[in-house]
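Heads up, there are several structures right after this.
Two complexes come next, and they have one chain in common, chain A, joined by chain B in the first and chain C in the second.
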Partner chain A sequence: MSKKKILLVEDEENESLLYKEELEKEGFEVISSSNGADAVEKIANEECDLVILDLQMPQMDGIETLGKILTKKRDMPIIIYTAYPQYKNQFLTWAADAYLTKSSDLGPLKRKVKTILGEK
Partner chain B sequence: MNPRDITTFILAGGKGERLHPLTKDRTKPAVPFGGIYRMIDFPLSNAINSGLRKIYIFTQYKSLSLHRHIREGWNIFSRELGEFIDLVPAQKRIGEDWYQGTADSVFQNINILEDEKPKLILLLSGDQVYKMDYRRMIDFHLANKSDFTISVFEVPLSEAHRFGVLRVENDRVVEFREKPSEPSPDPRNPEVCLISMGIYVANLDILIKKVVEDAKKTNSSHDFGKDIIPSMIGSGNVFAFRFIDENKKETKYWHDIGTIDAYWEANMDLVNVDPLLNLYDREWPIRTFQEQYPPAKTVFSGEERKASVTDSMISGGCIISGGRVSHSVLSTNVRVNSYAEITDSIVFENVNIGRHSKINKAIIDKKVTVPSNTEIGYNLEADRKRFYVSDKGIVVIPKNYKW
Partner chain C sequence: MTKTFEEKCRFLNYELYLLHTISKAIKGTFNENTILNLMLTGLTANGALGLSRASVFYYESEKSLIYGKAGIGPIDEDEAFRIWKDLDRNNIPVESYLQYAVENKLAIQRYPEKISDIAINFDELPPENYFRRVIAERRIFHVTDMNERNFNLPEQLRTVFVPSEIIILPLLSSKSVMGIIMADNAFHYNPIEESTLLLVSLVTIQTGIALENSQNHAVIRRQLEELRELHNSMENLQAELIKKEKLSTIGKMASYFIHEIKNPLVTIGGFAKRITESDNIGTIKRDAGIVFKEIKKLEQILGKLSGFALLSPSKIERVNLIEVVGEVTDFFELEFSRKHLDIHVDVPENLYIKVEKVQILEVLFNLVSNSVESMNAGSIGISAVMEHPFVRISVKDTGKGIPEENISRVTEPFFSTKTGGFGLGLFIVANIIENYGGRLEVASVEKQGTTVTIYLPA
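So, the complex of A and B:
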C-alpha cells in the first residue's frame, strides 16, 4: 500500500522541519509549503490525502488558504495546527476537520492525522 | 428578542428562468409586480414592518436592475443607528466560484456573520409575494427552543407533489421530501400538505455548522431546500411554523410566482373587486420606489374617440388618450392612444400603444412602442412566430422590442 501523503503548510522553517520528520517517522509522506499561495497550487496539482495548516502566515493567511483549498477540493481533510485558539471564532475554520493548538507534544497531532486518514 | 440581535439575509441570486422573457434582463426579485412594485418589495416591506433593520441582499445574476431599485428606493435607514439594507453581489470571497446555491451564498458571506454575530438569522427568498410578520415566527422559534425553523404553507394534497413537503409531529419536522410522488398529509388535516416556503429562522451556530459542513460535500447542490434541510431532519431540532398571514383574508396568500401564467394570474387578481392580495391595508404597508409622475389621466370623451378605463389599475404618468383599458394593470408612464384597446393585460413602464391597436391577454415589458393597427393576443399562431406565448395563451412582448 502506498504511503498517505500529507501537505504541511507552515511558514516557520524549524517547526516545519520538525513536523515533517515526526510525521515521516509515522510512515507518512510529507510535502511542505511555506506559504498559502504555494499550498493552493500544490493542492491543485498534486494528489494528497490531508492538509495540516498553520493559520498565522505572512501574505495569504491560513484562513484564506483554507477557503481556496475548499473550493479546489471540497472534501479535502484539513487539520488546523496553530498556536492561537482564538481563531475558532473565524467561522471558516469550522470547515476544518480538526482545530489543534500547537504544543511541544506532537502526540495529539499524530493521533488526529491517523484518525482522519484511517477513516478515509 | 431585540431585533438588533437578528440579521436578515434575502437570497436574491436566482435566475428565474421559468419567468423568461421577463427575466431576460433582470433577476426574478426585480420583476415588476402590481403596476408599481418589484417582487423584492414584499419581503423587504415585511422585514421593515416586522421591525427588522439589519438586512443583507445577496445578488448574483443580472443584478443591475435590482441594485438600482434598492439604491433608489430603499435607502431609508440610518446607518448611524446600526440599521441598513446592504446589497452583497457575489464577490468570490472564498474561492473562484459564483454562488452555487442558496446555502453557498450564505457560506461565501460567512464573514458577515463573524462581524455581526447575530443570535438569529432570518433567511428569506427575494421573489415571493406575501405579507408576513416575521416576529411571530421568531417568537415561535424561541418558544420551542428550535435550532432551525421552517415556515410552512398548506396546499391541497393534489398539488403538494410540486413542492418540498414536510411531515410534522407536534410542530417538529420529522421528514422532508422534495417533490414527493406520495406526499404525507398534515396530521391536523388530511386534505392538505405542509410545504416549505423557503423562509427560515436559524440559530447562528447551527447555520454556520450546516453551511460549512455542506461546503465540504462534493455531491451537494449547496441549496437549503435540497441539501441543508434534508440533512437536518432526524438529527436536528427543526420546527415547522405555520404561516400566519398579515393579508387577513379568508384564504392565506403566499405566491412563489414560478411561471408566466402564475404571474399573469397574480396580477389579474389585483384588479378584482375584492382581490386576494390586499395592497390597501395601512397596518401592513408595502413600499416601493416610484419615479415622480403626474396622476394618471384620461382625455377625450367624444362618441367614438373616447377614453375608457374599467376594472384596472393605472399608475402615475399614464395617459389614456381616447383609448380603452379594461381588466388590466398599467405601470407608470404608459400611453394608450386613440381607438386602441387593452384587455386582460399587464403593461410595464414607458410603453406606447399606437392608435387602433388591440392588445389582449398580453404582458408588454418596458420601453416598447406598439405601432398603430397592431393586434396581439387574437391570433396566437401568428403571435407565436414572434413572441413567447404561455400554456394559457399569454403573449409576452420583451423589453425594448422593436417592430
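So, the complex of A and C:
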C-alpha cells in the first residue's frame, strides 16, 4: 500500500518543519508549501490526499487559497489549522472538512488526519 | 365741559407718554402672558386711559373657537372701589404701575377667572353680533348704549356684563386676527373719548406685534432646542463610534498579537516535546536551536507590544525639530547611500514642537522608513514651516506611490501591501498625532511619489 500524500501549507518555516516531520513519523508522505499561490500550483500538478492549510499567510490569504483549491479539486479533503479561533464562524471555512486551532500538542491534528484518510 | 388749549396739550402729551411707556414695556418681554398682562394693566391703569375693565379673547379660526384668555378689572362695584382706593392711596405712576401689576398679580381677580371660563363657537354667532363683526370687519367698535335688553355680545359674556360704554377691537397679527380685545367703563362711567380709542388701538397694535414676535421667538427657541438635542445626540453617536472603532482596533490588535505569539509557541512546544522523546543528540541539538530561534522571535514581538505602550504621551517637552530630523536621517544614512537616495532637509533652525521626543522620533522614523522602502532610487525631502498654532512637517518622496483606492486606508491598523509588513506604521503615526490634537494628510500619485504632511502643536 502506497503512502498517503499530504500537502502542508504553512508559511512559518520551523512550524512547517515540525508538522512535516511529525506527520512523516506517522507514516505519511508530506510535501510543503510556504504560500497560497504555490499550494494551488502544487495541487494542480500532484496527486494529494489531504491539504493542511494555515490561515493568514502572506500574498494569498488562507481562505482565498481554500476557495481556489476547492474550485480545482472539489472533493479534496482540507484541514484548516490556524492560530485564529475566530475564523471558525466564517462560512467560507465551513467548506473545509475540519477546523483545528493550533496547539503544541500535535495529537488532535494527527488524529484528525487519520480519521479523514480512513486509518485507525 | 370744555378743556382749555393748555389742558388739551397737557393731556395729549400725557397720552403720548403713556403709549410710549406701555409699548416699551410690552416690547421688553417675549413671554406671552406678561405681554397680555402689561397691555391689560396699561388699558385699565387708573389715571391712564380711564377704562375700568379689559379682557382678551383668542380666536382659533380652524376650530371656529373664541375663548377667554385674560382679563383685568373688578367684577362688581364693591370690588371696584376697593381696588381703586388701594391704588389711589399708594399713588403709583404708570411706569411702576405696570411693574406693580405684574409683580403683584393684579390680574388675579374674579373678573379674569370668569373671562377665562368663556368659550364661544364663532359659527353660532349671529351676523350682527359684535364678536363676529370685529373678526370679520377687523375694525374697532365703540358701543355707548348697550344694556341687558339690546345685549349684542355672545351670551356667555352676560356673566361679566355691566351696562356701560364698551369698546371691542381686533387683536391683529401681520397675517390674521388673533383675537378680540374688549374694554368698558363700568362702575365709574367716565365717557370713553375719541383720543382714548385711538390710543387703545395703538396699544393693541403693539400687543399684536409683540405677541407675534413672542410666538416666533418660541418657535425659534424650540427649533434651537431641537437643534441642540440633535447636536448632542450626534456628539454622543460620534463618541460611541470612536469608542467602538477603538475597541475594534484593540480587538484586531489583540488577535494579531495572539496569532503572532501563538505561532512561535506552537513551534517551541512541538520541538520541546520532540526533544524529550528523542535519544539522537544531533536531532536534539537541531531542535533546541529551533526552539531558541523561536524564543528570539517572541522577544521581538513583545518588543513591538511595548512600543504600543508608548502611544500616549507622558513627558511633553519643547523639541527642536532640526535635531530630531538629524537623528532620523543619521539612522538611515547607510540605507540612503546603499540605494543612492538624495536627501533634502529644509527645516528652519530653532523651530520647536511640543511633543514627547520618543514619539516624534517614532513618527519621523516611520515616515522616512516608508519613503525609503518605496523606492530604489530617487529623493526624499523633509521640510517644515510654522503654521500657527501648528508646525507643518512634510516628508515627500519620489517612490512608487499609493494607489488611489488605498490612500484612505493607509492609517488603518494591519493595512499593508508589503510582504512581511505589519501594517502598523502609519496607524501608530496617526494615533500619536491625534493624541496631540494634530492631523495627518497623505497625498500620492502612483509611480510618482507620496507626500505625507503632519501638523503638530508648536
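For this structure, a couple of remarks:
The rule is short, and it goes like this: the second predicted complex is superposed on the first by the 118 of 120 C-alpha atoms of A that agree within 3 Å, B and C clash if a C-alpha of one lies under 4 Å from a C-alpha of the other, contacts with A are read in each partner's own complex, and residues count from 1 in each chain.
In this section, contacts are C-beta pairs under 8 Å (C-beta built on N, C-alpha and C of every residue); 3 or more make two chains touch, one makes a residue touch a chain.
Just so we're clear, the structure is a prediction, and the values are computed from it rather than from any experiment.
When both complexes are superposed on chain A, chain B and chain C sit side by side without a clash.
Within the superposed three-chain model, A:D38 lies out of touch with both chain B and chain C [touch as defined at top].
By the touch criterion defined above, A:K68 reaches chain B but does not reach chain C. Residue contacts after overlaying the shared chain place A:E22 against chain C, while chain B stays out of touching range. Here chain B and chain C are compared by how many residues of chain A each touches, and C touches more. Put simply, the three-chain overlay gives an angle of 60° at chain A, taking C-alpha centres for chain B and chain C and rounding to the nearest 10. Judged by the touch definition given at the top, the superposed model places A:W94 against chain B, while chain C stays out of reach.
Contacts of A:N14 after superposition: chain C is touched, whereas chain B is not reached.
Of the two partner chains placed by superposition, only chain C is touched by A:A83; chain B is not.
Of the two partner chains, chain C is the only one touched by A:K102; chain B is not. Of all C-alpha pairs spanning chain B and chain C in the superposed arrangement, the closest lie 16 Å apart. Counting contacts by the rule stated earlier, no residue of chain A appears in both its interface with chain B and its interface with chain C.
In the complex of the two chains, the chain B residues touching chain A come out as 93-97, 110, 113-114, 208-209, 212, 215-218. Residues 255, 258-259, 262-274, 290, 293-294, 419-420 of chain C are the ones touching chain A in the complex.
Touching chain C in their complex are the following residues of chain A: 12, 14-15, 17-19, 21-22, 56, 58-59, 83-84, 86, 102-106. Here chain A touches chain B in the complex through residues 67-68, 70-72, 74-75, 89-92, 94-95, going by the rule given at the top.
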